[in-house]
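By written order: A, B and C. Residues from 1 in each chain.
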Amino acid sequence: MMQQEEAVMLESYLDNVRENAPLVHNITNYVTANDVANAVLAVGASPIMSDEPEEAADITQICDGLNINIGTLHQQSIRSMHLAGKRAMELGHALLLDPVGAGASKLRTETAAALIEKLHFTAIRGNISEIKALCLGSTTTKGVDADAADAVTEANLADMIVFAKTCAKSCGSVIAITGAIDLVADADACYVIRNGRKEMSTITGTGCQLSGVMTAFLAANPGHALAAAAAAAAAMGLAGEIAMGYMTEGDGNATYRNRIIDALYHMTAERLNRGERIEIR
Amino acid sequence: MMQQEEAVMLESYLDNVRENAPLVHNITNYVTANDVANAVLAVGASPIMSDEPEEAADITQICDGLNINIGTLHQQSIRSMHLAGKRAMELGHALLLDPVGAGASKLRTETAAALIEKLHFTAIRGNISEIKALCLGSTTTKGVDADAADAVTEANLADMIVFAKTCAKSCGSVIAITGAIDLVADADACYVIRNGRKEMSTITGTGCQLSGVMTAFLAANPGHALAAAAAAAAAMGLAGEIAMGYMTEGDGNATYRNRIIDALYHMTAERLNRGERIEIR
Amino acid sequence: MMQQEEAVMLESYLDNVRENAPLVHNITNYVTANDVANAVLAVGASPIMSDEPEEAADITQICDGLNINIGTLHQQSIRSMHLAGKRAMELGHALLLDPVGAGASKLRTETAAALIEKLHFTAIRGNISEIKALCLGSTTTKGVDADAADAVTEANLADMIVFAKTCAKSCGSVIAITGAIDLVADADACYVIRNGRKEMSTITGTGCQLSGVMTAFLAANPGHALAAAAAAAAAMGLAGEIAMGYMTEGDGNATYRNRIIDALYHMTAERLNRGERIEIR
């Protein structure tokens, strides 16, 4: 059920990233920071990482967007998230939260909740267990991975769309729930994206990479948060599909990791337009 | 001198990892954290990294095993190691120590010694110089690499097996000394593993990766620490051999890094059974 | 305008790295630490990372060179930079500063300035915007990337050489300004290096990698800082060219990252001698 008009719109969001080359400040975990940086570069934006409170707001000041990822958080980085987040809001920058592992520890759940309370995020991107932990207070997350029982499926799709929209309304943010089926919703509309491959979950950090890339899309497309976030999710999923086409005998999750970033590097508006599987509900 | 009965047993330890998909908490260095996560995923387990004292025990609580790696340690992460380690012991979790760089600084040597004194590790995995630093108080380590003069060779094998068993007895842990020849011992028996390739030492973090993978094997095979640790070491060594078979002209240590994780991803009980070169002494 | 005599000299600097296998202490950012370690290993040296003040000087003590990189700096790592830097000076070790993001925040600019004031660096390596921030007090840097308006070009080359020499004279250090054209200067002479590919800027951390590699070259070639630094820059640039020759359809910046390190791994004095494009001004 491809919607032609929207599809045509989505391609322009990628072009805007490549044209504007936004600078993205990432306060992010050390596990996937390198891949996030290369993914952000792959779509034509520039990354900078900093989590020291004394410079966090200064770094945000020179950037166009801020990606806050709470994986491997610590007391200093939490302070930096608040300081940089406040500055980003004052400047009207794109501001994204990736609540890695919300539900896995009290500290992560409370940190994400406090950030949502104090800041106004343009978008919040997580797996379904993380978003449920934030919006429903559930704690079914399996570490940093979604619990299989939580998964968005064709069977529960209608209910999950309502959940995503409700969550978006209560937070005032675009909510991006990514997994086998991605939902990207605001209070009124929900993009359902069926790009991607299940093997993406065998790589650490594809979600973190998407959060960095999505922040770049938000920063390069001010005023179009919902569609820009959906375009980023479609681009990442499509990159996973294209990358699989380059896998040969013996290739596993490490090579797949590289090939996904490579596919982002070669992603064009035309490819995105041709390959995206999106409907609006 | 392959021992058929044990060989058949070892293959089941890998199957148990893929079937149980244990969640492994890693308090580990930022140099190799990404590779550790992808290696743990490659064998079918799930990684989570956290080194913040306020959440360390909570994270361990939801996991099945804890991998403590003292590379790039800092004051906060040392506190987390003790807090999470204590909780892991209370819960009967698999608990592994990787004493990266023990012998290279007073802080590392003392931190490893204090952890061994306070906690009871299921297994301790390091290179020969690190294990000597812990058990003999020597400081011949060359940074994070073993000193060539310390190497386990066919010539000193009998003595090194005695050393490994003595060390295992005094620590009450399985001792895994990895290098050109791997020794995995408890007080009574020592697996001698001749898998692996010398080129693995040209990549940063193959030891760290093995520690993450070994923790997954220990967590998925409770009550079989010695054989599970040996199976993990054989799997990693064999992955290094298989990976070398995929190297083509121009490929170097960066590509080899990816290919080893890829080989872990495709490792099966049948391959492990066929390729492992293990004897028990 | 290849200068044959110098070209012959440069090849010996790589041989010395492979022969002496210096141990390099890196106080560096978590974004690119893994790539730095693999790049240092690729040229035949050994890396160790540590940024904890309690062990920083001890770690430096057992090493041959110290690479201080201020990316993702924090209060503790800044203390470690001073402690380890002081010890490295006392021991006469090679000491390199990579002022990542100088000009991007007050903290980074001031940290770099304080390090230069307190320590005597063998070499300082950065992009042109970072070096201008340090030597001219300008703040045109685009995050961690150079501002295009600052670029060293054939048109402004004569002026930039004067700038590099002046900067080297005032710091008493070799100044390495890397970009499309690399300048490696002391007060009296400037190597102009035209190796490299523009696509290297689509990968995070090629500069960080070069800083680690350059520290290894400096450590293995005491008393020849200028030529050793130039040899390292030429080797990295040439690796970027060789790596490009192995790129096939679908390969992007993630694969290119691996191929550059692979090319360093296979770099020989003979290849360097044949491929380097260097003149002395």
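As a convention for this text, a residue touches a chain if its C-beta (ideal position, glycine included) is under 8 Å from a C-beta of that chain, and two chains touch if they have at least 3 such contacts.
Keep in mind it's a predicted model, so treat the numbers as computed, not measured.
Q: For the copies subunit B and subunit C, give the interface type as same if over half of its residue numbers appear on both sides, and as different if under half do.
A: Looking at both copies, the contact residues mostly diverge.
Q: Using just the Cα atoms, superpose subunit A onto subunit B and tell me the rotation angle to the nearest 5°.
A: Nearest-5 rotation angle for the superposition: 120 degrees.
Q: Taking the mean of the C-alpha atoms as each chain's centre, how many Å separate subunit B from subunit C?
A: Between these chains, centre-to-centre, one finds 33 Å.
Q: Residues of subunit C that touch two or more other chains: which are they?
A: Within subunit C, the residues that touch at least two other chains are 30, 34, 257-258.
Q: Quick check: in the complex, which residue numbers of subunit B touch subunit A?
A: Going by the criterion above, the answer is residues 23, 30, 33-34, 37-38, 41-42, 46-52, 54-55, 58-59, 62-63, 76, 242, 246, 257-266.
Q: Okay, in this complex, where on subunit C does subunit A touch?
A: Contact set of subunit C toward subunit A: 29-32, 34-35, 71-75, 101, 104-108, 142-145, 202-205, 250-255, 257-258.
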